[in-house]
């Protein structure tokens, strides 16, 4: 592959400009993007956040920590950089001063990626960023989705009718036909509830909601087998909200809920998705101001490496050039 | 019920004055207290602390984080605010400059609550505050108690004979007849020991001490079934020291011990106490200076919501008004 | 006066619910608001922030620290609570999910305060919140303004034409006639510049811009005398951006600039404004996620007490009741 | 001199056990104490604290940072360790569970130091620890005192008559005849006031109170000359509350007040006290939980080195042995 | 035993000079060292660190937290201080400015301990410090080793041929004959890999590498039984890298890897090594700048107490004097 | 000029890859380097640090904060990017595992810059990195130097003869003929001293040492006029150790000394050096682990912008291309 990470045996891991996983950094207009199979992209925006903000700073902190990632997966032995051309394509355009304009800019950026056949691995940003990504990737036909999260994000509206917040992206995506609700599975849901309207609506549409207690009771293997069967070989999106993981492991997020997944569980669960027909993935809701230590971003980027290995071996991902 | 939390769909959760769980805030002399079934109360005092102080700041940080609590329990579906009138009755009077006077003030305050038939859910403060609470609630007859903690708090005295510290409350309460030791069970005990005199004394009195290793070996269901059988349908107090939970999850406390409960275990354990004849509960030893991030307080208030759901469905709790 | 802070000799300063300066907390519909002369109000909103967010959490942290304020000014001897009825009127309604709606809600809230003759002392929030406040207070005639800040906040637009950000409030307020630019003085301006268009526009309108170097060269007395002469006895608003103060003293803000005012200078400067015809004041841009220690909020609330003493002795402030 | 600090050219400054300034560490019963001229002593106690606790941890953090101190004063050229035998005599006995007993233990410990002719340089602890120290040192005749602080600490009582808090030590010491109020000068006083009763009482007794504004207006030289003239050549105690210094420089304290001294001012002021007849000194109110970075302790121990140089050249300090 | 920790019932745990576990602190030239059976020693050095430094500060923070350790093991009932004479022998000499000289100084120090028959329990420093310790302890015959870590530390060289880093100690120790690779077992290995050359080399030499997934799949009892069988009754060294434990529990380290051991697992695993023929042990890679809260050091020193109990009951440890 | 920073009106300042001041990022082998006049370069290395490490992380944190820099100097109006082609040339090669090799790599890198006529503005790293930079820039003839620092860095050796630490760079550079000591001025020196040998040696060589007290007594204008006269129009290097600035403003450094410069003083001092014949400059000793907030790096990069404006207007800096 033409794009390789800088080696830590040459340049120490804390040195140099922190592109994602020390990969080449390309602008969208760069000629070399023609060779890119998988793009790692930041979406530095938190305009959908109803509570504690800060995820706009997520991509930068994730990039910072990402220079500690080494190229080979310890269990599968996959080296995604030897299978696909992976590059850092920078941050999507955003607008911190306007929600609608921001959603348009993001959807536009991902539309360009899609038109070039580039599979995106995205770093949020709050969870509303998944909506314009799905709008681009699911423009032609609704996608399946595996969704790790403490919350359903299936609410209807906030503050008297406002429809676009990080509590509503998947309701919007289902309503707009970018997701097929019968092929959507949510895993790790927990925490106190308002009135359950989000859950009720999701169940009506056919969404499968697997609460954390069910994960614990049935075990990871059983749950993930079910998740695989729900999405089948459909084109599938994977959305990972960092708050799926317990705040002891990942405190830097805006809406933590206690009693979450351990990182060991999360890694095991994601690894069981190998071979799915993934068309894109994201890791969202890392909020650096709530964890300046970078520990949460370290969990986040470690999970993104897991997602990258899935994408690099997904049938849906192009392989342009060796 | 007349008292309802402010809705997060109207006022964002970070906004407004942080009363406990966004409930009405009443003074003890307020006429509306006549309708209160359950009072959430702070006891901002750490005069019994022998090591690292700071729990006097616990109630305020717990209130701050409590505005992220939503009204419905995700597993049982219980909405405590629709079952009972719950209010924030402010902080108990205390005295940071005198131990004996502080204990008197706290006991006096809880005596008033008891005389009005109000069930208290308290936020410490260090664990010595449980002593004057028990003095008020157990004034007529000794109570049973389920006690989550890393430490027995059954020591006799410190520093050459001083009897009132956060290592001694339950010895005092047993000696004074506010607790029936044969109906006391302690869960989660661990950490290095002085000479074991606290454990030996407790066992002699009939206290059941379940160490963390026993929890792990037998499993949660077995241990909690035993705990239920120990207290039976006796009037029971529930005291939850945040250090029962592992410091990775709850670092903001004065005497952490590694190898503790996860929050998932703690939630599961407390949920298994549903239906007991609870007359009060507390969550103590959250020390904000040792966790300015609020993560520990978030664990604490999340556990307090679990306790509140138990109290709201306890046969001992009044239901004054719909 | 009917409204007095809770005494720290009765209840320790860290105890109890943290209303502003331990004052009575009233809702806008509370009958007692009829007696209120000065309202302390939070505006928990940062939707105009172009860089680092978090000021939506400002009001709560300012309230938290405000319980350390004592009632008497150490130099003037003024006790504002014995001169006017001061109360905490809670937080203005906001909308974190929509800029325009948020501005409307805030302007509406302040319109009500104005219609009742209540002088507002506000706690931001980002600096865009000053715009709807000025819209309410300056609805009839343009106000004079004394403005402490590192930045002019006179920019035209961001991100391709977006007009409402925390870099534009005073341009909008001047354009809309809520401020009389010839009676506006900005003090403490500093930091690297884009192209100076903000400064140029301000100067054209007649705004007096006093950079930090001029403060240092001429001295505080001279500068503040000029500021007084600019506003004269006109109805005047005072806006204090915490970033006027050096980040060593007040790091918790989104756009810090080194080389700022010390707190000693800031106190001295504000004290020299005694007797002006003030109709309102605000303290904005305290961002708790960037200073969880509360040190910045302590500076902020200490300055708010200075502002409160000015308002309590302003000819424009009502005195309804002794 | 027999006692010398470990050299940083041999053992790095971060290494080894952190005794004060890397000096020999002796117990009170150690034979070598017979040679000690000046003892550096910790008083790890905060039982008099009415607001934010934590100064009990002060001595350990001050010792930790003290290993960065080098032996020679940069301006005067004084090397205190070549003039006097200085040792770390450990921590005074205390009792975190009882105020009266703690005061007795501390007074007893300092009585022993005094009976052996050892001059104490103490590290608090809260400011109430100065009271038992003065009780020991001023047992025969009232002392003069130079007192740096944001607060007068001349209050009468708290919480309904409680006489011993960190707001009352010097009132008690004056009442009990350990201090001669006409030879007491307080420097740096500032911050909001309750009702001024503390100041009024102090002025009646003849205490000279120099507020921060007066320091700024008159200049350091003038103020310190007056301070010297007040104490003259009387046996004098020097008490330095870290909150005399501005919280930007020393945030780790329980009752910060903005607008304080810079460290440059503080160093200059203390250096102007050279040659006074000092019989002891303390540095109090460093609260590590409110500054885990150690920055405040670094200010504190740097000021303690200034105090040590004063003590090492004071006519009142013995020189037992070369 | 002649050496006993200071009791927390006499002197509060936060008070006094923080020697390891409040034990007597002796210099190597102190006559009393003749009675020492087990020395706790710091190695404050991080010159082998290729990524994030700071472990040079480990020993001091570990000593600080160690004063919270009580003398009796809660499960085994072992009181190591009643079985052996344990003392704090200070810090090994080091050199932060030269790798080779530092390794020589450390090896020399441990050579002296060995020649006096003192069993060392060491606190790092980075993992390269294990190399000179093994050089001293394994000088005559290769040792067996049980090694807890996220990484193999079996790399050959860094940055173009540099052989001594914290990624290479055990390769060097095996090459130099201080370790018998067929009696070396590594437990907890995980994290992304470079190219697997370290693992391949280790396997070739006969090292047994047990990854975290294998621990989880087989269970602790099975894995530890195998570990015991590998070392048998050979003289064995135990090296515990704090990064074996998950960063949620122990974030203060230079090369964290998510998905690690919980502290409960780690305690259980170490306890299963009771009775082995241990000749020394270390706990390394605690980096205080990356966890100023001390939580990681608390985990570290708690594990060191587990190791101490193993050493105190090891057949290889002398018992000189009761 | 061909190289311009990304505009904050297009891409928010927190977004995108953080190259220095949002400039183009070029490798040394990139053809575009032929157009570079001034290179901003990181030297991520702290192998010379004798006390608290971490400055190896300085360049990355400085880059992170540098995206908040705007292009125009607020006082002089200089826009360095319109005067010279400025680019981020990445980090110098280093070796964290070997001091001598690291010094060689750095000197080699700077030799290449010099041979291409590129003026370097460097970000440390510890102060020893100035030595290999001076070795490259002063290879032909000794340079003059203006040196801001709390310490002289003129020590001879540490730990028994080790010559290369961050306390020795300028002694080595003078000895080796890279600096002309009679044209070296050190400003801001302060803090406790070992024995003064460093100062004595410097004075003997003709170095002018201006302590902080002299700065305060004489005033900035006088001191800086003298500094200018010392270096005259000689080719001059400017080295700025962040610890010249007081730790209240810049706590994130390894060897803080209280009583330092304010940022306002530092900016004023550096601005008075306009027009000197500068051939390079550095800003060193920012240690992110000791200030994760980034406040110190913000001071550091703000000072680097001041240095950049000096370099962009220095007669010694090329202007290759408009």
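By letter and in written order, the chains are A, B, C, D, E and F; residue numbering begins at 1 in each of them.
By definition in this document, a contact is a pair of C-beta atoms (placed from the backbone, for glycine too) under 8 Å apart; a residue touches a chain by one contact, two chains touch by 3 or more.
If you want to know which protein each chain is, UniProt gives these names: A, B, C, D, E, F = Agmatinase.
None of the values given here were measured: they were computed from a predicted structure.
Q: Select the chain at the greatest separation from chain B, using centres from the mean of Cα atoms.
A: Relative to chain B, the chain whose C-alpha centre sits farthest away is F.
Q: Among all other chains, pick the one whose mean CA position is farthest from the mean CA position of chain E.
A: Farthest from chain E by mean C-alpha position: C.
Q: Based only on mean CA positions, could you tell me how far chain A sits from chain F in angstrom?
A: One centre to the other, that is 40 Å.
Q: For chain A, jot down the residues that touch at least 2 other chains.
A: If we look for residues of chain A contacting two or more partner chains, we find 12, 14, 50, 52, 56-57, 96, 158-160, 246, 248, 290, 293.
Q: What are all the chain pairs that meet the touch criterion?
A: A-B, A-C, A-E, A-F, B-C, B-D, B-E, C-D, C-F, D-E, D-F, E-F
Q: State the interface residues of chain A toward chain F in the complex, per the touch definition above.
A: Its residues touching chain F are 11-12, 14-19, 25, 42, 44, 56-57, 59-60, 63-64, 88, 90-91, 93-94, 96, 292-293.
Q: Hey, which residues of chain F end up touching chain D in the complex?
A: Residues of chain F touching chain D: 50-52, 158-160, 189-196, 211-213, 216, 246-248, 251, 255-260, 290-291.
Q: Can you list the chain E residues touching chain B in their complex?
A: The contact residues of chain E facing chain B are 7-10, 12-14, 68-75, 77, 246, 248-249, 262-264, 267, 293, 295, 298-299, 302, 305.
Q: What part of chain D is in contact with chain B in the complex they form?
A: The contact residues of chain D facing chain B are 46-50, 52-54, 56-57, 95-99, 101, 158-160, 162, 164-165, 289-290.
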